[in-house]
Structures are given as structure tokens and as C-alpha cells.
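Take this structure first; my questions come after.
For reference, chains read A, B, C and D in written order, and residue numbers begin at 1 within each chain.
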Amino acid sequence: MRQRKIGEVILDVRNISLSFGGVKALQGISFDVREHEVRAIIGPNGAGKSSMLNCINGVYHPQEGEIVFRGEVRRDMDTHHAAESGIGRTFQNLALFKGMSVLDNIMTGRNLRMKTGILAQALHLGPARAEELREREFVEHVIDFLEIQAYRKTPVGRLPYGLQKRVDLGRALAAQPQVLLLDEPMAGMNLEEKQDMCRFVLDINDEFGTTIVLIEHDMGVVMDISDRVVVLDYGKKIGDGTPDEVRNDPEVIKAYLGVSH
Amino acid sequence: MAAKKNGPVIALGAVLAAGLAAPLVTGSPLGFYLEVLIGGLMAGVLYSLVALGFVLIFKASGVFNFAQGAMVLFAALALARLAEWLPAWIGIPAGFPALTLAFVLAAGIMVGLAWVIERIVLRPLVAQDPVALLMATLGVTFFLDGFGQTIWGSDIYKIDLGISKDPTMILESMFQGGILVSKEDLIAAVIAAGLVILLALFFQKTATGRALRAVADDHQAAQSIGIPLNRIWVIVWAVAGFVALVAGMVWGAKLGVQFSLAQLALKALPVVILGGFTSIPGAIIGGLIIGVGEKMAEVFLGPPLVKMWDLAGGGIENWFAYVLALLFLMVRPEGLFGEKHIDRV
Amino acid sequence: MFYRENGQFKSSYREDQQILGIRQDRWFIFGLIAFAFLVVPFVASDYMFRAILIPFLIVSLAAIGLNLLVGYCGQISLGHAAFMAIGAYAAYNLVVRFPQLNFLLVLVLAGLIAAGVGILFGLPSLQIKGLYLGVATLAAQFFIDWVFARVKWFTNYSPSGSVSTAPIELFGYKFDSPVERYVLVLAVVIVFALMAKNLVRGHIGRSWMAMRDMDVAAEVIGIRPMYAKLSAFAVSAFYAGVAGALWGFVHLGSWEPAAFSINFSLNLLFMIIIGGMGSILGSFIGAAFIVLLPITLNQVLPPLGALVGMNFGTAMASHLEFMIFGALIIFFLIVEPLGIARLWAIGKEKLRLWPFPH
Amino acid sequence: MSSMPPESADTFPRLLLHHAKVRGDRPAIREKDLGIWQTWTWSQVAAEVRALACGLAEQGVRRGDRVAIIGANRPFVTWTTAAAQSLGAIPVGLYQDAIASELLYIFQTAEIRHAVVEDQEQVDKVLEIGQEAALLKHIYYDDPRGLRHYTQPELMSIEKLKEAGRAFDAKNPGFYEAEVAKGRPEDPAAMFTTSGTTGNPKGVVHTHGALIDRARVACEMERLTDAEEVLAYLPPAWIGQNIFSYAQALVAGFCVNCPEAAGTVTADMREIGPTYYFAPPRVYENLLTSVTIRMEDASSIKRRMFKYFMGVAERVGGRLLDGKPVSPGERLLYWLGDLFVYGPLRNALGMSRVRVSYTAGEAIGPDLFRFYRSLGINLKQLYGSTETAVFVCVQPDGQVSADTVGPPVAGVELRIADNGELLIKSPGLLKEYYKNPAATAEVLTNDGWYHSGDAGIIDHDGHLRIIDRAKDVGRLANGAMFAPKYIENKLKFFPFIKEAVALGDRREMVCAMINIEMEAVGNWAEKRGIVYSGYVDLASQAAVYDLIRECVEKVNADLAQEEKLADSQIRRFLILHKELDADDGELTRTSKVRRGFIGEKYAVLVDALYGGRAEQYIETQVKFEDGRTGKVSATLEIMDAKTFAPARKAA
């Protein structure tokens, strides 16, 4: 059985509004994420889920609101700062580095921690080599964890979709994030792949205590694995609570369950 | 995306305007100044003609056709040599009749050539990275340069439009010494204007033209309402081929048909940057700005620079257009009239 | 077919990450290098050195530089010969003004100066991509051409505008004959190629490739676009600078600004397209191709033309060369965008799997 | 170094200490883990084993206790085995995929108090059993993943166990040495479970002496040295794996390599390139099938080249290997073939460096056997079983053939009983079946002969030839001999047939139920543009039936050649709608068909075969990999096959 300690609020999203041109993608969204929990954001297509994630890790800059991460209040994030302070993410549409092997893709997740300079790299001097080998070993643990040993040196483009998703997860995991944002990690997968992915998500949460924020529109999966759920619809928050609370919320049922499922 | 700041654009514009006005303030004779200005405009018209070809193709297919310059050279060579050979072949009188027939034949050749390029080179590369497409057109450039010179010859040829190259003095009454204007240049400007009007009509009035515009606006949407993209692309390439012929004719008549024509066409690149890749008016105005800017810089900025730094001659026009385009890119990448793009994750 | 990999297992990451992981590859490459150093100097003719081997090696280096930028980092450059020009003129000025400097140091300094300029012209890459960047690099090409043609200081006020150099002297030894120059260039190129390989297999190389393949994801993972792109421009220009200096001092001896024109830039680009984007080996293959093709055409065409009763002059050969280059570019972009290096890699993979097809 | 360890190293712990002393810095075990071959030297292994032994002692393991070990080929399996042996405890290797009921039976009969397991999956299984087998008090696990939040007091990680062991060792200096010194060769060294075609598994107990003797004899015979490399890829609970990757490694001092995962065995084998290799015929067959299939996709030039040189190899390869005369021209051709085909092929198979390779367990197809030998791979047959510590007969170099298993190895005596059963006397015989004197007495008679249960004959060269299980040799209704396995094997030698069950004992004719080989038949079908939606569909295609009928008829033609078996020609057959599976009880864990069980389970089909019906509907329950059960149903066609007149017996 899973026995975990849910901690204090680690990420607090306050009153975020985002618009593109005239289109309002998010309107005054607020929610918090506690340390070590699995937090889901659900909603029908176009509800603003991905936009929300993009605001959290600085890909988009909301016009209003602020983001508090580990006590640090920011008007908006920038991607690098987000990565540096421990926010990792995966992508809905695979955003792997197509020209690189599985190993190299995951190695890029360690780039933040690799500091040796160009000259040392070019000459493959002691520190550069030592750093490379050290990070390789770390990445091997990620590969082992995700059970993709057999594909280590395969170019990612040649892998089936489900495995590519796993590599994407591995790349984010390699950065040892405190909070991991998962953008529809199970989209486009078959049942078995979904189960595998669920297991990995829970294992990550268990083994490393990583806080997880995930977007899904597969309700079943979300309800099974998350501690608390935020429901978005047309850029507005319409529900927030435990899976059971959300499931029984009349407004959620009306806006989400009633319409598309 | 945060709204783009207009400050730098305005600043750049102000600097250019100041540069334009500076010679007058520093006491250049107005007549001379106007002469330079008109010379610049004339060169600009030629740039615009080449740039038009770029814009057409880019608008419809997203291909940055580096080979437009090579097509201009190829067209000019074809026109010049056909006009020279035809009298010997079929006994058509040299001069205007031969030239007319040569123009018709060259137009056919250019349309065919454009069609072949589209089919053989661009079609297999559909949906590729724009940089790959650019490189493919670089390949086309080299091929056409070699091919054109192989079949048409590699000397310097003339296109004689039968217009006197003698400059005419105009507005003598207004300025001391008047302004020297070449009649040829005027004709060129008229031809260019005519071509632009023709294209505008084509785009506004014909069904094909409207389809073309639809494609330019949104490929997928156009396809979904049943516009055959492949056919549109062929047409666009054909039109671009024709535009190249006109540009080649005008330019060849002015400067003679030679290999350097293809290189000069490189100048059209900064023009489209300035005007925006997708805007026909942009191509025209961009061409004029570059033409005028270049001439002004060469004539009025060059000598002081040479003196100041003891340079071995001027030649600012070699890079002026590019550096201007580069500055422009930094402050307004979409150009004067281009459309903005927002990258979504 | 020739691979026997049983027993070549790796028991440390260091072994696993070596550049040539398979023993047979190691033999092949070491054999090739040994051949280049120990056999070629004794068998090749002066013409071979002057017209083929030395230019091949130097443009290989320049192509590696361009490949780092275009093939690895995905940033286009249409004006890379300009960075070679910077290297060449920088080296010239260093030698003229500080004659006591060791030539190797001059090479490195020339490279560094080119790198500085590379960073400057790389700045637009932070704002613009693709075609737009191509135009920016063209601006570099034309502007730099102009600077060396017009600013007399750079040519040390040479009245003709062309500069000439004395033979290279290194640790008291004069590299004068073609063989000596060949060996010098070979050594330099091997060292720099190895360094390039080291870069691309390290975290910096990965950050370049990440920018190339998916820039948004790269940023999200914590790669700084500015650092990745500018470092690629700097390193790329450094290589071009060193190659330019070698081109000027070892290959040409005396040159004028036109030596590094836009055509040279485009040729470099063709090398990496034909040879292979994102491959150090491909840079060599492409360079060999572009260096050898015109020479071969000039040798082969006239007798071939005579055979069919046609007269192929040099002009004809040059036109054909243009056509063949153009056609090849198009062919490779359509059929194998990763160039001959990719074909090589496929061939190698086939040999490893032999007799199986997959 | 070919010198064998001294006679004084007569238990496994002593052998280990010997190697740690003599070749302490040579690799003893490697495991592909985290992308590279992590290596432990003999002295490191000795230290690990010492820590584990002390840890186990600290946890209460005593002389004579049984310690269960469940896991894939990982170093911890070897180390805990040796650690238990150091303490005089008996390691009991158990199959990872053993079902809970089997495990429970063994845990109860062997009164197992300590279990060493690999990971969460095994922990869960053993914990569940632990509820019922109340004795189980200690579970040590190797891989902590997923176990972070487990709070059961029985659980302890192997890391912790080693720590405890080191502390214990420090407090009790000399304890380990004293324990090792107490061991004697006649002490039980290990217990193996027999798969048992019927009933509960039996625990076969072997002494140090028996295992070491057999290992040593075979090492000497094949001149194995400490330079050998072997790949440990078969279940460690199986005695063969124990002999090849534990006993022989400890005798000869060579290095054992553990693959990264089940899915990477082929790749890992290519990397390691073992010099000494064992595989059951099934593995060789699968390899050949994959070679054939992959070659089919090759260009026609390559295919022709392959075919030509394989022809050369067939003519020349075996003779070269046996040291027989070969003409220079053929030698040259073979050399070319080696350059272009055999060498690369051996490399692709991971067999470039194989010096000695064995197959055993079942009959091997003659074509299959010849294929490997003609490639220059020294493939040989051996005969043995769990009860005989493997080595009974081995084909010596130069005396190799497909249909014998060779003469007895040193120390072994053979006798054929009147009913055809093979009797064996050997130093490697089992000590006993654990706590099962009745069963022991049944196979091990007082005069020291072990009753193998196999029917065999000894030919004029003194080579043993195995026909079938003695009890399976039956009679047709007309009294003619019926050796079902012999027939099944002949069928299975075709690449399209994965499994076959021959029926006919006390019946008037022979019928067969056949499993197609999905990969080969699927490929064959695709080549012909036959569309199919899955296994069931493919198996029921008319074209596939025709294909299989051709195979059956070829077997019939073969059987007709042998006077005694001509009546055993297959008259009717069907293709089964599902693959026979160990999870459904149709195969044993070692993948042998359980004929009796199948006969009962598919009684309707048997009736239909003998009842002359042209088709039969059947519904079968199946167990999926995730433990759920489901049903497959199909209407199976039954087909007649042509039979041939018996060959006239030569006068």
C-alpha cells in the first residue's frame, strides 16, 4: 500500500489570467499544490489545461496573477528559472530531440548540472570526462527505472509512441525535479501502456517524493492516481477537491462529464 | 505573447529619414540630390521586380526561393540569345519582331522551367523544414547557373529594347543644371508598374488569383475547401518564372546580360526582409527603400567615410542593403507589411 | 561483414563512451591516420599535395566548423567564408605585427578573433531563425568582404590590396615544401577534428542538438538558448577562423579579399549537405567531394568530350560542375538529407548485421 | 591456466576461497547493469559471500537449514547460494515464474525459514505464501524498488543483510573460516526441484561431492580453463544452469556473465561472446528460425550467396570440425564462406568465440544440429538429468552425431533394463529426494543403480541413443510400438510447427494436435498475401492447414522408412487454436508437453479426431500474463493426411 506524507504547499498559483490576442485562455485561475502529492488538472479539450502548465513553467507569460514556488513569489516564470528551481515537465505532443539517441535525450536532462567549459569539453580533460561519466551513471539509473535498457542507444525517432513518451518522462526525471508537470502523459496510449505509465508516475511519486501535476482528459486514470483534482472549463476553474468530491460536483458533471463523456 | 514594442521601429525609421535628409542639410545641390534619389528609385524598381518573384512563391508555398536570381539570369539569357538567333533560324527580322517572338518563347521556357522545378525539386520536399527548402533552392540556383550558361553561352549579351540610353535632361527650369534621367529607366519603371498592376488584377479578379490568396492565408483551410494545392503551386511558380523574365529583360537591357546578374539578384533578399515576406506592396516599397538607401549611402555617406578612415574606395552599396535588413530584423522580424507569427508549444 | 564484435564488451562507462567503440573501426581509423602520416608523404606528388590534399584538409576543417553550427545547432549560415577571412586576416596581422609569435599560437588567436566576430553576428540568432538568420549571415559575408577590401589597415596598406605571407616557421623548423605543409595541416586538422568530436559528444554538443531538434523543449529542460546558440557560433567561427588562417598561409600564400567570397561560403554549405549534416565524418567526406569533383571533371571531361567529338573547354567544365553540384544538393536533400555520412553509417550498420539485411 | 583446483578444495566454499587466493584479481562474475558490464573479481566475490554468510548466520540460519532463492540470473543468486553453502545450509533454487501453489508446497515440505528473492514481485508472492507457510520468517530482497513503504517485519534488503554480516564478522573473527572448515564433501550442497510431469515437485538433493565431481570431470574432458566466458541466461533454479554457471565456474575458475534483462539476452550474448555455451534444442531452433526469417528479407544476391555457402558448409563444415580429410579446393571454398557467411553469422549469433557448446534435454533435429556444426560451432549433445547432476554421456570431439548422445563420461556406468529403461551408476547421482524416501527408493535401488525412466539403446560404438520416456512408449491397438515423443520431435523439426502432441496409445491409429509457430507461419502468410487477424485466425486458414499437412506427410514418409514405426504414421491431425502454455498447465516449466493433461483437457478434440468428424467446436479457458483469465473459442477443422506403404525390409 502507498503510505506517503503530503507536505506543505509547494506551488501556489494565484489568480492567473492569460490571453492570446483577444482570446482568453485562462481567467483568474488559482490553486495550490502540496509537496509530494499527485495533483491533476482536468477539463475538456480547449479548457486551458496546457496553457496552465505553460504558465507554471514559464513558456507563456500570463497577463495577470502570480506564481509562488517554494516561497518565492514571481509575477511570471521564465523557462530557465523554472527548470533551475526544480520544475520539470513532459509534453503532450512529443517534444523529444529526434536526432539523438535515448541516452542522449535523457542526458540533456542533466545539462543544468553540467558545468565544464568548452575548452575542457573539447580536450575531454579530466573534469569534463569525470562529469560526463558521473552523469551517465545517473542517467543509467533513470533508464533502469523506466525499463528502457534495451533502447539505450536507439535514436528516439525509431521507438514506438509509448516508449517515446517514456523517454520524455525520463528526460524530465533526469533533472531531478521537485515538481513534475505531466502534459497528458497517457494520451494516445493503449491500455497496457497506460497502466505502465500510471505505475511509473506513482513510482516516481513514491520513490523520489516528486510532487506531480498532471493534465489528462482520461477521467478514469486521473481519478485513480491523483490526490486532488482541479477542473477547468473554458479557461475558468469550476471545481477543486479530492477525486470523490470532484466526481460528485454538480457543476463538474454538467460541464465535463455530461457533455463529452 | 507580449505586444511588440514599436519604439525601435520608429527610431530606426527616424534614423533613416534623418539620413535621407542629411545631404540636403549639409548642403548638397538639390538637383544632384534629386538625381541620386531618382537613380536609387530606378534601381529599387529592379530590386522590386526580383523581390516580387520571391514574395509570390513564399506566400503560396512557404518556400524561400533563393533561385529567383538564377531564374532572372536564365530568362535574360534566353531572351537575349533567342532574339539573336531567331532571325538566323526562321528569318524573322531582327529587332523588335524578333524580340517579341523571343519574349513569347522565353516566357514559355520560363513557365516550363518553373513547372519542372516545382515538380521535381519542391514537390518531394513538401512539409520539410524551411531551411532545407532554402538549401534546395540554392541547389536549383547552382544548377540553373550552370545549365543556363551551358545552353545559352557565358559571354556578355545585350538586350536591345530599341530605347535610347541617352539621358534626358528634365526640370531644367526648376534646378540649376536640371536632372539627368535615362529614358530607359523610365520605361523600366513603367514596365514594372505595369507588371504590378497586372499581378494585382490577376490576384483580385481571377478565380485562380483568389484561390492563390486563400492558399497564402491558410494552407489547410484552402485545401479543406477543395483548392488543389499542387496546382496552385505550379501556377505560382509559373507566374514567378514570368516575373523573372520581365525582371531579366529590364535588368538585362540596362546592364547587359551576364553572370553577375544572378548575384545582383541577391539584393532582393534584403528587400523582402524589409517589406515582409508575404506582402506584394512590401516588395515594391522595400525595393524602393533599398534602392534609394543604397544609392544615397554610396554617394553621400561613402566619400566622407573613405576620407575619415582612409578607405581604399567606397562600395558601401555592397553591404548597405544587408546591414539595413539585419537591423530591421532585430526590431521588426516580420518586415514592414508581413504577418506576425506566434509560436505555440 | 568484417565486424566481429563478440567479446568486445564494455565494463566501464569510459570504455562505453569512447569515440570508436568497435575494435574494427578503431583499426580502420588508426590505419587511415597512420597511412596519411607514414605513407602518403612518400608517395604523393607535389601536385597532389598542393591541389588536392592540403586544400581538402583545410576546407574539411572549415566544413567541420560550419557543420557544428548548421548540422549540430541548426542555425544556418550563408556567410561562413567571412569568418575564414577574419581568421586569415587576423593571422596575417598578428604575424606582421608580432613576428615573434609562434604560428600555432597565431592560429589559435586568429580562431579566437573569428569566434568573437562570430558571436557578434550570432546575436541575431537569439531573435530570428531559419531564413531570416540566413540573411543576417549574408550581411556578415558582404560587410566583412567590404571591410577587408576597403580598410587598408587590415592589409597593412598593401598597395594592391592583396597580402602575402612568408613560409611558416615552427620551433625553428621551416614548413616550406608541400610535404611539410601537408604534414603540418594534417596534424592540426586531426587535433581539431578530435576536439570537435569531443564537443559534440559532450553536454555542450547535446545542448546544440537539443536547440536544433526542439528548441522549446530544450529551454524547458534548462538549456539556455543564448548560451547554446552563441557558443555554437563562437566555436563554429573559431574553426572557420583557424581554417581561414591555414587557407591563407599554407594553401594560398598570398590572397585578396575575393578569396573568401560568398561562393566559398556556399561551397562550404554544399560540403555539409552532401557530406552529412551533423556529422564530423561527413564534413571530411563533403570536403573531399567538393575538392575532387572539379579536378576530376577537368581531367575527365576533355578526353571524354573528344571521344564523342565535342570540345569541352574549362568553361564548359565549370558549368557542368555547377550543374552537378546543384543536382547533387537537390538529390541529397530529397533522397538522403543526412548526406553521404548517413549512407556510410547505413553501410556500416549493414556490415555489422551482415549477412542479415536488418 | 588449465590447472584444476587441488583435491582439498572439495566443497564449493573452499573452491571459492581457492580462487580468491589463486586468481583473486580475475573476473569471477559480470552483470550488465546500468549499461555496462559491472565486474566482480574472485576476491570481491569471496568478500560478498563472506558478508552474506555472516549476515545469514546472524539472522539465524543454521547448518542443515534450507534457504529459498528466487530470482533471475543476478550475482546475488550466486552469492547467496555460496553463502548458504558456507554455513552448511542447503540453498533451494526456485523458478521465478513458479505459481504460488507450487511454491507453497516446497516452502512447507522443505520447512523454509529464510528466503532470498529478487524484487517486489517476488516479495509479494512470498509474503502471500508466508501467511500460509507459517515458518517463513525472513525475506531478503535484492531490488528495493517499490518496497520503500513496505513495513512487514520479515523484510530486509540484501544490502542490510550484508551490513549486518560485516558487523557480525567483525565481532566474531574466525567464524566464517570455522563454518567453511566444518563442511564436508558428502554434505548436501543444493536442492533442485524437478518439474514433475504429474503431481507435486520433488526436491533433489545433491552433495558437494557429487556436483563437484561431475563438474570437474566435464571440465577436464573439455579442457575448460579460467579464461572461459559463459552467459548465464537459463533459470538459475535449474540444475543445468547450476552446473554450467556455478559448479563448473567454481571448479575451473571462469567468469559468469549475467544479462541485463530477459529482453536483451541476444544483444548481451553478442557483446560477451561466450566461449562455453549450453542451450536446449529449443533455443538453437529459435535462433535458426530467426536466421531463416531474417535471411528471407535479404536481397536475392545475398540469399543466393547464403544458400551457396551454406551448401558448402554442409558438405565441408562438419568434416573439418571432426578433423576428417577435406580437399584444398573445398577448404578454400569453406574459407571464403567463413569470410562472407559463417564468420558474420557466428558473430551475429554471439557464437564467434564458442569453443564448446552443448545441447541436451530433448532430441535435436538433424538439420538443426548439422547447421550449427557446419558453421564451425562445436555443438555437441549430452545426456543427463537433475538426478544425475547433468553429466552422464557427452559426445567427445570427433565423435559427434545428431541421433546419439555419446558414450558415458568418466565414472559413469550404463545398463539397459529388460523393459528398455536406462540404468545409471555415477558419482553424480542424487543423495535423495528431500523427505521422500519412497520416491528415492523407487529410482535409486539398493544396488546403486539409478532408474532414469528414459528408454534408450546403446549402439555398437558404445554411444547412447535415447528414444523416449520409458513410460511413454506405448503400443498401438495392433501391438505396434508407439513412441509419441519421437513423432512429435520429427514434427517439431519443421520451422512452422512449434509444438505437437501425438496420440495413439492403445488406439487403432496415430493422430496429432499441432501448434503452429506464429512467427514463421505469419511470415510465410504475409509473403503470400494471406490476411489474418491473429493467432486463432491464422491457425484456422485453409492455406496454413495445407502447409502443415505437407509437413505431416513428410513425417509419414520418414516413419514409413522405419520398420518398427511405420504403423505410427499420422492419419489425422488438427491445428490448435491456442498456443500450449505453461501457465495453463499444458507445458511443464521446462516447456515439455504434458500429454496426459492435454488429452484430458482437450478430450472433445481427441474424440473428434478418432470419431472421424471433419470439425469440432471448442472453448478453452486461458490465463493472461497479468493473471486474468479469459476464454478463447474456435471451430477447428480436422484433416486427413496421406500415409505411405512401409518400406520393404531389406532381406
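Going forward, contacts are C-beta pairs under 8 Å (C-beta built on N, C-alpha and C of every residue); 3 or more make two chains touch, one makes a residue touch a chain.
Predicted model only: the values in this text are computed from it and were never measured.
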item	value
Touch-network distance, chain B to chain D, counted in steps	2
Chain whose mean Cα position lies farthest from chain C	D
Distance between chain centroids, defined by C-alpha means - chain A, chain D (Å)	45
Between chain A and chain B, centroid-to-centroid distance (C-alpha), Å	49
Interchain centroid distance [CA atoms averaged], chain C/chain D, Å	57
Between chain A and chain C, centroid-to-centroid distance (C-alpha), Å	41
Touching two or more other chains - residue numbers and ranges from chain B	345
Junction residues of chain A, two or more chains touched	59, 91, 95, 136-137
Of all residues in chain C, the ones touching two or more other chains	13, 16, 216
Chain C residues touching chain A - in the complex, by the definition given at the top	13-14, 16-17, 195-196, 198-199, 202-207, 209-210, 212-214, 216-224, 231, 234-235, 278
Chain C-facing residues of chain A, complex	57, 59, 79-80, 82-84, 88-89, 91, 95-100, 104, 107-112, 114, 116, 118, 121-124, 128-129, 131-133, 135-137, 171-172, 175
Residues on chain C engaged by chain D in the complex (per definition of touch)	1, 3-13, 15-16, 353-358
In the complex with chain A, residue positions of chain D that touch it	33-36, 145-146, 148-149, 151, 260-261, 263-264, 267
Contact set on chain A toward chain D in their complex	1-4, 103, 136-137, 140-141, 143-145, 147, 149-150, 152, 203, 206-207
